[in-house]
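The following pair of complexes shares a single chain, chain A, combined with chain B in the former and chain C in the latter.
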Partner chain A sequence: MTQWIEACGAGDIEEEDLIRFDHDGKTYAIYRSPSDEFFATDGLCTHEKVHLEGGLVMDYVIECPKHNGRFDYRTGEALAAPVCVNLTTYPVKVEGGSVFIGID
Partner chain B sequence: MAGMVIIGAGECGVRAAFALREAGYEGKLTLIGNEPHLPYERPPLSKSFPVEMKPIAAEQAFAEIGIKLLRGVTVAQIDPEARNVLLGDDRTLAYDKLLIATGARARLFPGMEKALTLRTVDDAKALLGAITGQTHLAIVGGGFIGLELAATARGLGAKVTVVEAADRLMARAVPVEIAAVAAERHRAEGVDLILGEQVVKANENSVELADGRVIRCDLVVAGVGAVPNTGLAEAAGAGIANGIIVDHAFRTVVPNVFAAGDCCAFPYRGRNVRLESWRAAQDHANHVARAMLGDETAYAKSPWFWSDQYELTLQVVGLLETDKPFHRRELGDGGFILFQTDENGRLAAAAGIGTGNAVAKDIRLAEMMIERGSAPDPAKLADASVNLKALLKG
Partner chain C sequence: MSQGKRDYSLTGRDAQMAVETGLASAEWYHTDVPRKAMKELMKRKDGPAIRDTVIWLGSMIVLAGVGVALWPSWWSAPFFLAYGVLYGSATDSRWHECGHGTAFKTRWMNDVVYQIASFMIMRNPVTWRWSHTRHHTDTIIVGRDPEIVFMRPPDLAPIFLNFFGVIDAFNAMSAMVRNALGIISAEEKTFVPDSEQPKVMFIARVWLAIYATVIALAISTGSILPLMLVGLPRLYGAWHHVMTGLLQHGGLAENVIDHRLNSRTVYMNPISRFIYWNMNYHVEHHMFPMIPYHALPKLHALIKDDLPAPNTSILDGYREMWPAVLRQLRYEDYFVRRELPPTAKPYKAEYHQLAPSMLAAE
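On to the complex of A and B.
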């Protein structure tokens, strides 16, 4: 059963940026794309478990702030060394100005 | 087809092997490493305890894409006429193209021969494994490695003394303002920093200073820079000047022989530079792989460094001139970024220090501006209310 958890207000994230969201002992990254869509992934880079929060979002790519590993945050796909393991992604919906992520 | 041969299985050699496959190369590919281990990442060695050996890629990943990895094998000689390399076990290995990615080794000045050094995972295990809360560790050299090690050793409860010949820390790499933040943090941690003092002799249990003082301790480590491993290249006829001289596509003057990573001196904005940098090793690798397949595009990536000391991270991008002025942007929480522009107003370098990853995003944006040749308004660089991403896109 997917549980929908309210993560933040849609206006809390700047366009082409991300914020951190912690819930139930896990940490996530919530993204707002340049085309005003929302996405969610695990918060920690798959290379050295650094939080992606301080990383740079350019178009649909999040780059880890520590060692510049890159992921497509829509699919979680690892795009460039040193990362080779994909990020887990989560479904997102926006309702009433709030962003919800779907967690199994 | 004899195929591609890469000497050196560090960050650069390994990435180059993978990059050759990513670029579509399907022929024979051999990677020669002189350490017995699966190739591993070096940056964590000075930064964390227990020592973790983090493989650059899983063992099966090499086999899956047909990279023949020779471990614990040395190279005795390159024969550029016959186009082969003579291995330490007397085998010869023919090549079509050869990449020298032999890296660098720890430097020791005369009188320091008895000091420990930190370069390999075996060095790190021997050194950090010997440190306890009762240890007094003396570190010769206040550069990145020495200071990261100082922070790690403090985390283990050791008493730490750092002796640096310059009158400040990290004089080669960062502006004085950033060195001052690091120095204050180390002193707050109880590290005894002795600046502006030459070491005349490093023994196993003591360090002798030029002013006559003797520091008695349990362990002595030297972190006074690195020397590029150029012997094989030099014997094969390559030019050497603080590294193996290469052109914009990492070609040496020896036909079919390339060099990349810490061992090479490459052209960057009108001068020849040699870096000791994990990121540059990867960037060089990606570029040289394509060059080995015939692409003559000029390398244009900027140097990029980082260091972790306690909760602080510093990052540097571009080539800083530490004696020239900076434009300072305050990030809050004590973090800041220093930007440097060249004589044409173009952004040339940026350096920042802060807690955790506070400076990462802005340094990355600075890197993109440097590579695009942007000439941002210095007042906007210094104004934290101006989003750097907007400056980049503007």
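On to the complex of A and C.
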């Protein structure tokens, strides 16, 4: 069953950016797209487990700060070497100015 | 305190030890940079790299044209020497920056320049993309980093020969033939994923066909001129990238996880910086590899108070590095411990746990 966890305020993330969210021993990345939508993925790059929080968001792509591996953060799809494994994504909803992510 | 005889092979004892001790894929020290400033620095642009690429390739065409027109007169020599530096040295930095995907904003432009530069510098674009990834994960970690130049004790003969590309070109040609025959070495297998290995072989076969064509042309025309344009410039133009590249990590610490200890920033003249695409800001590049080359001077200005003072010139860099390298011939554990300014966060024990001589010095 999906549990909705409050991750941050919607205003905490700039457009075309991300922040880190830690919960229950796991780490996540919460994104705000250029068109003001919110998304969530695992926080660590699937290549070498570097946290994505320091990475660059370009449109709908997050680029890992260490080796420049790129993912589509809407789907988690790995787009180019050195990343070969997709990111896990999580459902997101915004209510009352807060961003919630759905965790099973 | 001695670390004992080092094993630089990627499949040997030190490789295993680096994994067991947590030195492999470790969390490295980073200077604090506000997110807003970092985002601004990371921004991708096409303009600077398009300008530089037009100058780079345009100059090569002009220099090659004049060189060919004057051939075989000795008056062609200066034109070929300049062409050679753009072919055998400027491609090192283009290969590097485009491999990071930071030179251009537009992905295909990065990829095109990456392929051209990889061919000229004789680095299989697939193999070397992965080897360089490892170099950034485990910079100068013995047994993990495949790009350590000054292994201790340093073997100076191949380093000198590489000022003329001799060893690099020989190794590159050997690897090309081996890969073209469908063989991936045990070391390559440690950092090139299985799914990428067919691409390594495909590129090697294409390159082999190109070199065979150029050699056939040279034989059929009875002139080395085709090879003066393709292949040999990797030898006679290599000196600049070796000269600047040795300064990146030479004489500095091994087995630490703070780039301030194992990398060197050197102020350089504008021509070398053009050829080298600002990789003289090497501490900054390793600490934040996603910052494009054109933004590195700004990054340097922002974080320099947390870094050791840069060397003031190439000569100054060699004055620091060379005595240390010579001393390492006799004392393998010796390295230059770079002093931090009072404004910097100090080196921490946990960032250099396997460099006991440095701990003793603190």
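A few notes on this one:
Here is the rule we use: the second predicted complex is superposed on the first by the 104 of 104 C-alpha atoms of A that agree within 3 Å, B and C clash if a C-alpha of one lies under 4 Å from a C-alpha of the other, contacts with A are read in each partner's own complex, and residues count from 1 in each chain.
The criterion applied here is as follows: a contact is a pair of C-beta atoms (placed from the backbone, for glycine too) under 8 Å apart; a residue touches a chain by one contact, two chains touch by 3 or more.
The structure displayed is predicted, hence computed values, not measured ones.
When both complexes are superposed on chain A, chain B and chain C clash. Contacts of A:49 after superposition: chain C is touched, whereas chain B is not reached.
Shared-chain residue A:102: touches no atom of chain B or chain C. Judged by the document's definition of touching, chain A residues 48, 54-56, 63, 65-68, 81-82, 84 lie at the interface with chain B and also at the interface with chain C.
Residues 17, 47-49, 54-56, 58, 63-68, 70, 80-82, 84 of chain A are the ones that touch chain C when the two sit in their complex. Those residues of chain C that touch chain A in the complex are listed here as 25, 35, 38-39, 42-44, 100-102, 107, 129-130, 133, 136-137, 193, 195-196, 288-290.
Chain A contributes residues 16, 48, 50-51, 53-56, 63, 65-68, 81-82, 84 to its touches with chain B in the complex. Residues of chain B touching chain A in their complex: 15, 18, 41, 44, 54, 56-57, 61, 278-279, 282, 306, 313, 356-358, 360-361, 364-365, 389.
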